[in-house]
Structures are given as structure tokens and as C-alpha cells.
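Chain IDs A, B, C and D follow the sequence of writing; residue 1 opens each chain.
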Amino acid sequence: MTSAEDVALWWGTSVSRMEPGVIELRGRPVQELIGTTSLPAMIWLLTRGSLPTPRQAALLEAALVASVDHGPQAPSIAAARMAITCGVGLNTAIATGAGMLGDVHGGAGEQAVRLLGEIRDAERGGADLTDATAQVLAAWREKSRYIPGFGHRFHPLDPRRGPLLSLVADAVRDEVVSGDYLRAALAVEEALNRGRSRPVPMNIDGATAVIYAELGFAPPLARGLFVLSRSVGILAHAWEESQQGRRNKGPMPPSILPAYLGQPGDI
Amino acid sequence: MTSAEDVALWWGTSVSRMEPGVIELRGRPVQELIGTTSLPAMIWLLTRGSLPTPRQAALLEAALVASVDHGPQAPSIAAARMAITCGVGLNTAIATGAGMLGDVHGGAGEQAVRLLGEIRDAERGGADLTDATAQVLAAWREKSRYIPGFGHRFHPLDPRRGPLLSLVADAVRDEVVSGDYLRAALAVEEALNRGRSRPVPMNIDGATAVIYAELGFAPPLARGLFVLSRSVGILAHAWEESQQGRRNKGPMPPSILPAYLGQPGDI
Amino acid sequence: MTSAEDVALWWGTSVSRMEPGVIELRGRPVQELIGTTSLPAMIWLLTRGSLPTPRQAALLEAALVASVDHGPQAPSIAAARMAITCGVGLNTAIATGAGMLGDVHGGAGEQAVRLLGEIRDAERGGADLTDATAQVLAAWREKSRYIPGFGHRFHPLDPRRGPLLSLVADAVRDEVVSGDYLRAALAVEEALNRGRSRPVPMNIDGATAVIYAELGFAPPLARGLFVLSRSVGILAHAWEESQQGRRNKGPMPPSILPAYLGQPGDI
Amino acid sequence: MTSAEDVALWWGTSVSRMEPGVIELRGRPVQELIGTTSLPAMIWLLTRGSLPTPRQAALLEAALVASVDHGPQAPSIAAARMAITCGVGLNTAIATGAGMLGDVHGGAGEQAVRLLGEIRDAERGGADLTDATAQVLAAWREKSRYIPGFGHRFHPLDPRRGPLLSLVADAVRDEVVSGDYLRAALAVEEALNRGRSRPVPMNIDGATAVIYAELGFAPPLARGLFVLSRSVGILAHAWEESQQGRRNKGPMPPSILPAYLGQPGDI
């Protein structure tokens, strides 16, 4: 027969332990963490189970800081701004935006971590880096015309790429991380640009994927971390919009009506 | 006639400026922020428009760190864990949990900032602190039986209260913040506990509200900041759950069926 | 001590009863409902506990049919269309749109049912309809400049008003409903238009509120029913958008950038 | 240069046309649809572009009616009930539940429509039904251990299967639908049960997939239609929960605490 203990186990967790007067996060009393632990270190602790070194935390922080916003042309930001004019709380505005960070909008980082991991695995399997990269890129191209983490429809050169990779290079030099994924990402960039006049540089998803992979985060967490980061921009935009007083803000001024495209016949 | 410029203005923002190759956040090039700015400082920058001092950022960070998780008994955490077993991404799990931080679950911080602000306003209007507190509490009690930020159904003494208030006291001593809201919160605590054997101490919503109010955040942002913070725990729990392999996890083991309560007649 | 039975009771419900091989909805075996019960009747059964008469179901159906869509200028529709281009499922697109039907976008129907109920209560308390209406409108105007269910920023005359009210009038004539709320709504319309050259006619929220109130739905269910109805349009738009192949659709063509408004100083 | 017309086209749609005083849905004035069109017919019209015959609409309605609820053991229902206790509106409760109908929880119908379509295609390619079924099942089993639409962890025989298939059989007899997908689904059932003592019968996702496929709905719409249907149960449960007055309802009575599983070491 099912007992209360079975129910407690159904909801069993290693993330936290609660008892009256007690809050432990990953086995550490919360009162020891407050004031001593940075927010990135706490993110690491909860998702990974142990505290990062200061250099690891700093690298994670740089990635989280870099992705906070890309303005209202990003559908997640626009939707959050529209949501807050509909009479909901900031929690719903954030949920609206965060929920939209799907496979296409927010999933590139997750996929890029996988891509870099496949190259490193191929390298460990004995291929040299150029061959490993060519082989993995060929396999990805069979599945999709997009190589996640590279190219941008808007920025010819993403201004976030340089500073992020530079921080990774410093961390490699100081043996904070191995540099395997940085090398892989640069090899992808080189392979993509070979023989092209208009380059396809690493974008923010690629550069942060390098960091998340170097730090040992599993691919799905790359998306999770991006959601945490972008939620900052979502909040800022929703809050700004809420101060402007619009009600039921549509995607364009009310004077423009959506074009009616006629009926295509039964579909 | 409506022009493209009108459309651009419809989506006008002070949060960020994007042009090909350019990303500015609150007027600052993103490449200058990466590696130099902490995540809490970035949260402050985007929501407030300027960078905080290091001490302001540290106080904000402590509040954000303190609220990350309260385990699967919190509906937002439980729902996010269930969501991830339903075949969605971590983005949807976070959206599920964040969306549930409504007026009751996540709104206490926002309301507590309002409460403390009303006491301070009454004090500025000439009342002494004890009278201002009594007067504001009486008005709140007419609207609701809950005083936001005080009391906990679970923790007789919230272990996060002490370290957070201690950090605020340090900041008051060093003139980082005024201390007006800390005094107001302690006055509420004293008023609530007068003549009671079982105290009603400040809870996490109250203690973080003191910090957000001292730092000058508007009440709705207190909720927004809580959502950012709790999203960390939501992510950690959803991720842990996803590693356990359940599919369509219900709220209790499948061997327990919901009780059927019979029909109450037309309602 | 807490037992499995307590847990079962924690999730106790009158809506349905499940046992292996058994599904009962509001006490009725599902196999008796399939093929014999219309979708509006099922909505009524689940939310109210008993089956409606055919005339009640038809009136509910008319209200549900009338509200399904208002095009991409509605933020909920636009957001759902953007969501589906971000690499999520139709479930997330619907959730995105439905979540945005908040107090301003979707709450007018709920508020209009309350408004009509207050007029009817004042009438039952002895006031004549004109006085009851004036008195209730005055009270609402103290709280807000909007009278829910009346006026439209877009339609000078809402084409849904006429057919819906006509169906209610038929139902009053045939004693399907009392007509109290129809009279109240017409009295509001008359009061609002007195002495105005540009009328403020009842809108879709008002006309459906008349139906929901006449049928005895509680005010919050008016919003719930609107969400069910509008979800149809949200689905249709998200599906259409998904067939057009855009990725990460923003709120305007990529050639238009959001205007940068400059920094307002610390806020 | 981008003009207002380009912006209008960016939001172009065939679903509806709005002008002041005009609302057309799929080319039909809304006032002609109100009172004459059933809710299932409206769902068909908006998603497909034309009105169904009464028999087509009746078959769609049966599928929509059959899936409305499966009680609080379903994660979507439980989460919606928890959401409404957190101080959000019914719109957010519905969004919470609908968003969780992902690939595992709500996607089986979509996958089942694909499965049946593949069998029919193989049959059209010349294979006999038994071979086509065996071949398609073998291919699915390579990708997953689950055959979508068949088997249930709870119901040995799903009580909704019989009445739904019986309605399809009637429709085949009367030449409303072809019966190709019904035959395919029965062939799957037979193949799965061959040589087994405990049968793996078609479940609700399979039975409704037969209907959606027979009626010509694209696979993703099968999930969309399921979301519309299940939203009815989500609403009913959230509404019932809201009447019980709980605040911040967790997944089990507060007297049971989640088990603490200890730390697994760095992960």
C-alpha cells in the first residue's frame, strides 16, 4: 500500500531540504550562502550540486550578462511587452517571453553545445580537429540548413563574440578550462568561412555555448541558462512598457490593419 | 499616414539600441559590459537605467540569492517538475513556474514594498513610526487578513531573515541606504508580535522587500526580481526531474487516485 | 499521521472520477456522453455540474462562436503567431495567447458580468432600472474610466452585438432566460449614449456578458469561457503562421528597427 | 524602403478580415455565423478555411467531447489547479495547463495521425495492409519504445475507444469518410496484440487520431484540437479549485515534506 513516505519520495529531491526553520540548498544552510555567494555561483550550485571556483563563476557570469537582451525585434521581448499591456503581472510577462525561447529562438545554444561536444568526441576518437569538424558539420547539414551558433541575420559581426572568446582564452591560459570547445568553435568558424567573401562568424549562441561547454554544463542547461539571462531583458522591457500606459498593445500602430490575404481554398 | 518611422516609434525603447554590429544596453556598448559587470548590476542597469555602486549591487545580489528555491511544496516548483516530464523544453518548464508567481505566490514581495512605502510616507507626513505603522496596518487589515511579508505557515523563524537584515543594517551603517524601510519593517514585526505568544516574524518576502525598497525599486519590480530569483530554483528542479526519466508525472504516485467528492448539485 | 487517503482527498474533485476502465464526468460515464453531447453542453456540464437544456446550450454556443477571433492586432493573436515561429508546439502557442487574456485584454467580460449583476441587485433592492443603472455606473466610474463591455476603439458598431442580443431576446420570449441582464445592459447603453453624438455601443464583451449572466455563469467563468473561445482563433492563427515558414518572427519586418528613445535618467 | 503596406503584409492573414464595423472570418461576415454555426464547425472553419458538413462537424465534435478531462492525475490538470491558488486569473490557469500538453503529454495524438498516415501511404504504395502496418511499426520502434495512440498505463480498456470507433464506422458506412485510417488503426491494434495475453488496445489519442485523420486534419492540428478539448477540463478543475479557497496549494498536504535524497556528487 502507498504510504505518506512513498508520496514524499515521489517528490524527492537533492536540490533542497526544507524543515521548519531549516532551508538547505544542495546540502548547505541558506544562511551561509546569503552574502557570501554570487548569483552565478548560486545558479551553478543549484544546477550542478557544488560551488564553482571564482574563475568558473566569473566565466559563467560573463555569458549570462552577454545575453540579457536583443531588443523588441526578438519575438520573446515583443510578446512580453504586449503581455504587460493586457492586465497581467510581471510574472506573466516573463512567462510569456521565456516560454517562447523554443528550439529556434532559444535552442541554438543547446544545439551548439551538442555540436561542439560531437567535434570533441570525434577528436578524442582519433580524428584531427579539421577532419572532426568537417565530419560533424556534414552530419548536421544533412539534418538542417542551420549550423547552430554561427551566422546572424542582423549582425555581420556580433559585438559580443570578441569579449566572450577573449575571456575564454584567458581561462584556458590560466587552466581554468581545457579550451577543447573553444578550439572546436574556432574550427567551425574557419570551416564555414573557407572560400566565402561574406563571413559567417560565431554569434552569441555560439560564443556562450563555448563557455557553457567549457564549464561542463549539459546541453539542455545551455538553453536553461539562456532563459535565465534573457529573462532579465524581458523583465526590463515589460517594465518599461508598463510605464508607458498602453492598453492591449498590438504589434503595430492601430492605424495599420493586417492585410487580408484572401482564401487559399480548403487546406 | 502611418510611416515606417511611426512603426519604429511604436516599438521605441530606452532599454537597448540595436544596429548591425551594434548592441547598446541603456546607452552602453555591450562589449564594455561583458566581463566587467556582475549579473545583479546588469539587472539593475536594465531595469533602472544606470549602474549601481558595488555595495548596492551586493545588497541586491543577497536578496536574489536568498529566494532561489523553496522546494517542491511550492506550487511553482512542483508544476515545473511536472511540466518537464510532459515533453517540453526547459524554457516551458521555467515559463510554467514563473507564470504561477501570482498575487498570492509571488506577489507578497510587491505588496510588502508598498506597505513599507506607506509607512514611510505616513512618517514623512508627521506621524511617529509607531503610529504610522499602526495606522497603515489597520488599513491593510481592512482589505485582507494577510500582512504581506510577515508570518510563514511553515517556518516559525525564517532562516533567511537574520542574514538579510544584518546586511541591510551594515548598509545603513555605511550610508549605502537610508534605513527607513528597515525601521518600518521592524516596527511592523514589533506591532504584529505585541501580546502574542507565538510570534509572526518577517519572512523572505518581507526581508527582501526591505532590500528592494531601500534600493529604490518600484513595488512591481519586487515581484519581477523575485521571479528572476526563483527561476533559478525552477530551472534546477526541472533539470533534476528531467534526469529521473518519468513521463507525465502526476502530483502523487499513480497508485493513489484523486478522491471523488460526489456532485454538489448545480453550481 | 497523513495517509494515502489524505493525499487522495488533497486532490479530491467532483469534476471527474477515474478508475481503471472507468471515466465519469460529473457522475456520467463518458461513453454515454460521446456522440450525444455537444461541445458547449460538455463545457456547461464540466463547469456547472449538470447538463444544459438544448436552448441553453445553443445560447452558450452563440457566445462562444462570436468571440473566436479578432485578428493579429489583438496582442494574444500576434504573440501566438510569433511564438510558433520560435520552435515550440501549438500547445505553447495557445498557452502564450491564452495567458495574455488578462484583466485588460480578456477580463472585460468578467467585469461586465459583475456590472450587470450589480445593477440587477440594485433593482431587486427596490431601485427602478434607470436609477439602479445610474448608481452602479457612478460607482464604477470612481474606480476606472472604462465601463467594461461598452465602446470599442475600433468598431463604431460591433457587428456581433446585434445577432447576439437578438438571440437573447428570443430566449427571453421563450422563457429560456429571465431577461434581467439584457435589460440592464440596454439600460447601460442608453445611459452612456444620453446626450452624446458619437454613441458608445455594447461591444462583444458586453454582449457575451449578457449571455453568460442570463445563463447563470459566475463572473470569473465569463473570462474562462472567453479564453476557450479565443483559443480557437489563437490556434488558427498560429497554425497559419507555421505554414508560412518564418523563423523568429518579430513584430515588424526586419528592415524596421525599434526607435531608440534615449535614456530618461535614473528611474 | 519599408512602407506601412509592408508592415500590414507582415501581419497578413487569411483567417480574418477586420475593418471598422466589419469582422469576416475566412471570408464570411461574423453576423452570418453567430447562431447558425456550431462551435466545432467554427473550429473547422478557422483552421481549414471552409465549413464542414453537419456529419463532419458531428464527428469532430465527438472527438473534442471525448478528451476534455482525465482528472488531477494528469499533470496539466494538477498544475492548473495549483496555479489558480497562486493568485492568477483563469486565463493563466488555462495557459499553465495548455502549455504542458507537450510531445509526451499532448503529442501522442499528433504522432498517431502521422503513424496512420504512414501506413496509408505504404498501402497506397502497393503494400497490403498487414505488411504496411508491420513495416511502419518496425520503423517507429526503432525511434521509440512507445507506439503513439496505443496502450494506457491506467485503463486496461479505454471506455472512450468503443463509442468513438463506432461513430467512425457509421461515418464510413454513410461515406462521410473513407475509413482508410480506421482500418490502419485496427491493423495496428491487431499487430500489437498478436500473441499477447494482456492486450494493448487503442487509447483516446489513437481513437481521436483516427477521427482527425479521417477528417483530413494535418498532424500538428491533432495536437491543437486536443489542447482546445482539454482546456475545457483544465478550466473546470481550476474553477472548482478556486472555490475551495486554498492558497499556494502544493502537490501534497503540507504535512508531507519532499524526501531529501542527498547529494549525488557533482553532476
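The criterion applied here is as follows: a contact is a pair of C-beta atoms (placed from the backbone, for glycine too) under 8 Å apart; a residue touches a chain by one contact, two chains touch by 3 or more.
Remember, it's a predicted structure, so these values are computed and weren't measured experimentally.
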| item | value |
| --- | --- |
| From the options A-D, A-B or A-C, the pair that copies B-C, where over half of the contact pairs coincide | A-D |
| Pair joined by more contacting C-beta pairs (A-D or C-D) | C-D |
| Angle, in degrees to the nearest 5, of the Cα rotation that carries chain A onto chain C | 180 |
| Numbering shared by both copies at the chain D-chain B contact, with half separating same from different | same |
| Euclidean distance of C-alpha centroids - chain B vs chain D, Å | 36 |
| Approximate Å spacing (C-alpha centroids) for the pair chain A, chain D | 30 |
| Euclidean distance of C-alpha centroids - chain C vs chain D, Å | 22 |
| Multi-chain contact residues (two or more partners), chain B | 2, 4, 6-7, 11, 13-14, 16-18, 71-73, 78, 88-89, 91-92, 95-96, 99-103, 106-107, 154, 251-252, 255-258, 267 |
| Chain C residues touching chain B - in the complex, by the definition given at the top | 4-5, 7-9, 11-14, 16-19, 24, 26-27, 48-50, 88-89, 91-92, 95, 99, 251-252, 255-267 |
| Partner chain A, residues of chain C touching it in the complex | 1-4, 6-7, 71-76, 78-79, 82-83, 85-88, 92, 95-96, 99-107, 153-154, 243, 247-252, 254, 257-258, 267 |
| Chain B-facing residues of chain A, complex | 2, 6-7, 10-11, 13-18, 20-23, 25, 29-31, 33-35, 37-40, 42-43, 46-47, 58, 61-62, 64-66, 68-73, 78, 81, 89-92, 94-96, 98-103, 106-107, 154-157, 159-160, 162-164, 166-167, 220-221, 223-225, 227-228, 231-233, 235-240, 242, 252-253, 255-256 |
